[in-house]
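Letters A, B, C and D name the chains as they come in the text, with residue numbers starting at 1 for each one.
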Amino acid sequence: MDAVAAARREVCRLHSELLRWNLVAWTSGNVSARVPGTGLLVIKPSGVGYDELTPESMVVTDLHGAVVEGDHAPSSDTASHAHIYRAMPEVGGVAHTHSGYATAWAARGEAIPCALTAMADEFGADIPVGPFARIGGAEIGEGVVATLAGHRSPAVLMRGHGVFTIGRDAEAAVKAAVMCEDAARTLHFARLHGPVRPLPGADVDALYDRYQNAYGQPDRTREGA
Amino acid sequence: MDAVAAARREVCRLHSELLRWNLVAWTSGNVSARVPGTGLLVIKPSGVGYDELTPESMVVTDLHGAVVEGDHAPSSDTASHAHIYRAMPEVGGVAHTHSGYATAWAARGEAIPCALTAMADEFGADIPVGPFARIGGAEIGEGVVATLAGHRSPAVLMRGHGVFTIGRDAEAAVKAAVMCEDAARTLHFARLHGPVRPLPGADVDALYDRYQNAYGQPDRTREGA
Amino acid sequence: MDAVAAARREVCRLHSELLRWNLVAWTSGNVSARVPGTGLLVIKPSGVGYDELTPESMVVTDLHGAVVEGDHAPSSDTASHAHIYRAMPEVGGVAHTHSGYATAWAARGEAIPCALTAMADEFGADIPVGPFARIGGAEIGEGVVATLAGHRSPAVLMRGHGVFTIGRDAEAAVKAAVMCEDAARTLHFARLHGPVRPLPGADVDALYDRYQNAYGQPDRTREGA
Amino acid sequence: MDAVAAARREVCRLHSELLRWNLVAWTSGNVSARVPGTGLLVIKPSGVGYDELTPESMVVTDLHGAVVEGDHAPSSDTASHAHIYRAMPEVGGVAHTHSGYATAWAARGEAIPCALTAMADEFGADIPVGPFARIGGAEIGEGVVATLAGHRSPAVLMRGHGVFTIGRDAEAAVKAAVMCEDAARTLHFARLHGPVRPLPGADVDALYDRYQNAYGQPDRTREGA
């Protein structure tokens, strides 16, 4: 069960990153991680404040969202996280926020155009819009998978709701959530004073390829979905 | 008098949440709590800086705003808080801020449309606008009660002034203030680039019902008015 | 010289409030205090980072800006602060910032209309615009005095430059700088989505009178110019 | 090698300033310094989080970007930093960020007009726009040099990308990045409500001259390129 303990610590730690990068308000937002080599995931408990989160308060469920370990009820979004892990075996982490700038694009149902080198690096494409879905079941997860399957972007703007991101691990998913908000914010500002041209496709492809394959340290596992 | 001491500590602690979530400037804003089982409330002293607040500096008044305990003059809004507690027996806490995005809607006298799942969860409706009233007497409290009585929303935008929120306890009122600012901010951004459709009423109802009844931990008292 | 030492400590402490309320970038902004019972003022040294400020590094000058005590060159704005103290004997403190929202109004040369109860409380009027003036001499101070003499507002938006505020002491001046940015920000947001009506004059007068005379603690000296 | 050790400490310290002034997200942004008296530069390692940066993890390269010391791969932008040092012998430090407001101007390819005294002080001119270039080689550095050579401004907005700044040392470059974002933010706000007039050229010249020659402490080396 060392892998479960490690995932509890990592998922707990990553919630503090949501707070640090101003992606969440009060108890909103959540992160989960697949526990490697098991059919389990670790996720935030429902409605618990960020200051109260500990590795022990994280909840362990199976990939259908049934609680396996933990004293708390899991996040309301657990069935959707579980659906993503079942449908996308390459995904090791999922993050969800209502970060303000990105959610503003989601409220309009408008994709964020790939108009910055930082977007080409991280997303390799526009950040797409997914369908509206009610909270509580797997319907949100189905919308995430339908939108992101075969897409370079690890982030999707769920209409009228917020952001879901995926990654090879939970840290990569949280990074994508941070970079999604940053891109949403910069392009929100940019377009208030005039049109912004998307980057040419060949530049997006070249930047994305370099970032996914040459950026960072050779001894570190690459990030990104 | 243990209940009074507990309320002093809780009201003092919750003021630091106003600061943490960037809802207040200098000494503006205040929180109060009804002391269960008594005809008393605990509220912030008037014009005292957030760094100087201690449980001991909180002021205890009766439900007409007359000081019962405390070395300080109570908040200028005490008569309004007291009016709310007298008129709404289900309310255990009240918060008031001039948080910038929400107050911008209040300055225009415009309700915040229920266009995000997070708004449906917390407010179950548009966040309504209440009347303009001068500070110092109970007139603001009367406007709060007139607007929120029978309304799902625990928050009201007082025209030309700021936000008042209510809750079953003071923490719930502060949470509503945080979520009100978050919604006001996201929809402020969203509408700068195009129209935003309110969520269909059936979705709002379903989301509100689930959040009020299934979200959070079963062993915790539910939040919300 | 105890009064000088106390002023050094207070002016140093108040610079950290500029940082805390996000009113300054890098070394910009400054606060000064008149030393009661002397013909002296205490002000920030020029171009020194906020982390390096200590009571000892503050500079003492006479009311013409000539250095009396201190190892550092005083702020570039010293001649302007000194002019204000000479011309306005009731002023005990001056603050200056380039806080972003207020400076945006200053860049357009547009007064901030008194459209919020918090503005009526603190400013009792629109926040007026003062003339453009080059930095280094007393010309800015002359513009501040010409604009604020006989005006209720303790803040002036210096065209193309930033904010100057005055107060009966340095803390009151810093408070006015915080409240000016807060008002500038909220009304910046508000007007992006529609017109905002100024408060009726009778309400402004009533709110201002109450705030200046009844707000806060009876044992504390009142704030405001 | 004391000069290298000092540069490692200084470059590491200055990265925390990028974070403090909200110029960067996750691992984006980088600072470098020329090591005086050597043909070397010190720069951030690629893709390493801000919390993990230590003087020891900084990378030392020659002025063609070849690693001389360090266990990490250097920033993706190293070839561009190196190009700047080769082409501009007066430059002792370079900073790069995607700070949101400045990058919004860069996304539109629009120069920031010199319309604030703080801009005249620090930049002495409009902040110019440089060409779009892919990341990884020296092409960005070539665009920086082509834009800033003979220009007063130590900052350039690289189209569709972000900000590069230069300085006589690394601290001056970071200061220019902070002031560039501050100017970009204030004028972004200002122009949303109406036109903003650039300052007259004679005022810009006078302000720039005073700031570069009289601001700050006489015993401190002047900042600026």
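Points to keep in mind about this one:
Quick note on the criterion: a contact is a pair of C-beta atoms (placed from the backbone, for glycine too) under 8 Å apart; a residue touches a chain by one contact, two chains touch by 3 or more.
Keep in mind that this is a model prediction, so the values were computed, not measured.
Chains that touch both chain A and chain D: there are none. Taking CA atoms, the transformation carrying chain A onto chain B includes a rotation by 90°, reported to the nearest 5.
Where the sister copies chain B and chain C meet, the same residue numbers recur on both sides for under half of the interface positions. Distances between chain centres, each the mean of the C-alpha atoms, put C farthest from chain A. Averaged Cα coordinates give chain B a centre that lies 31 Å from the centre of chain C. Rounded to whole angstrom units, the spacing between the C-alpha centres of chain B and chain D is 44.
In chain D, the positions touching at least two other chains are 192. Chain contact topology: the protein chains form a single closed ring, every chain touching exactly two others. Touching pairs of chains, sorted by label, consist of A-B, A-D, B-C, C-D.
If you check the complex, the residues on chain B that touch chain A are 21, 115-118, 121, 175, 178-179, 181-182, 185-187, 189-190, 192-197, 199, 203, 206-207, 210-211, 214-218, 220.
Of all residues in chain A, those touching chain B in their complex are 25-26, 28, 45-48, 72-73, 76, 98, 100-101, 103-105, 107-108, 110, 132, 134-136, 160-162, 188, 191-192.
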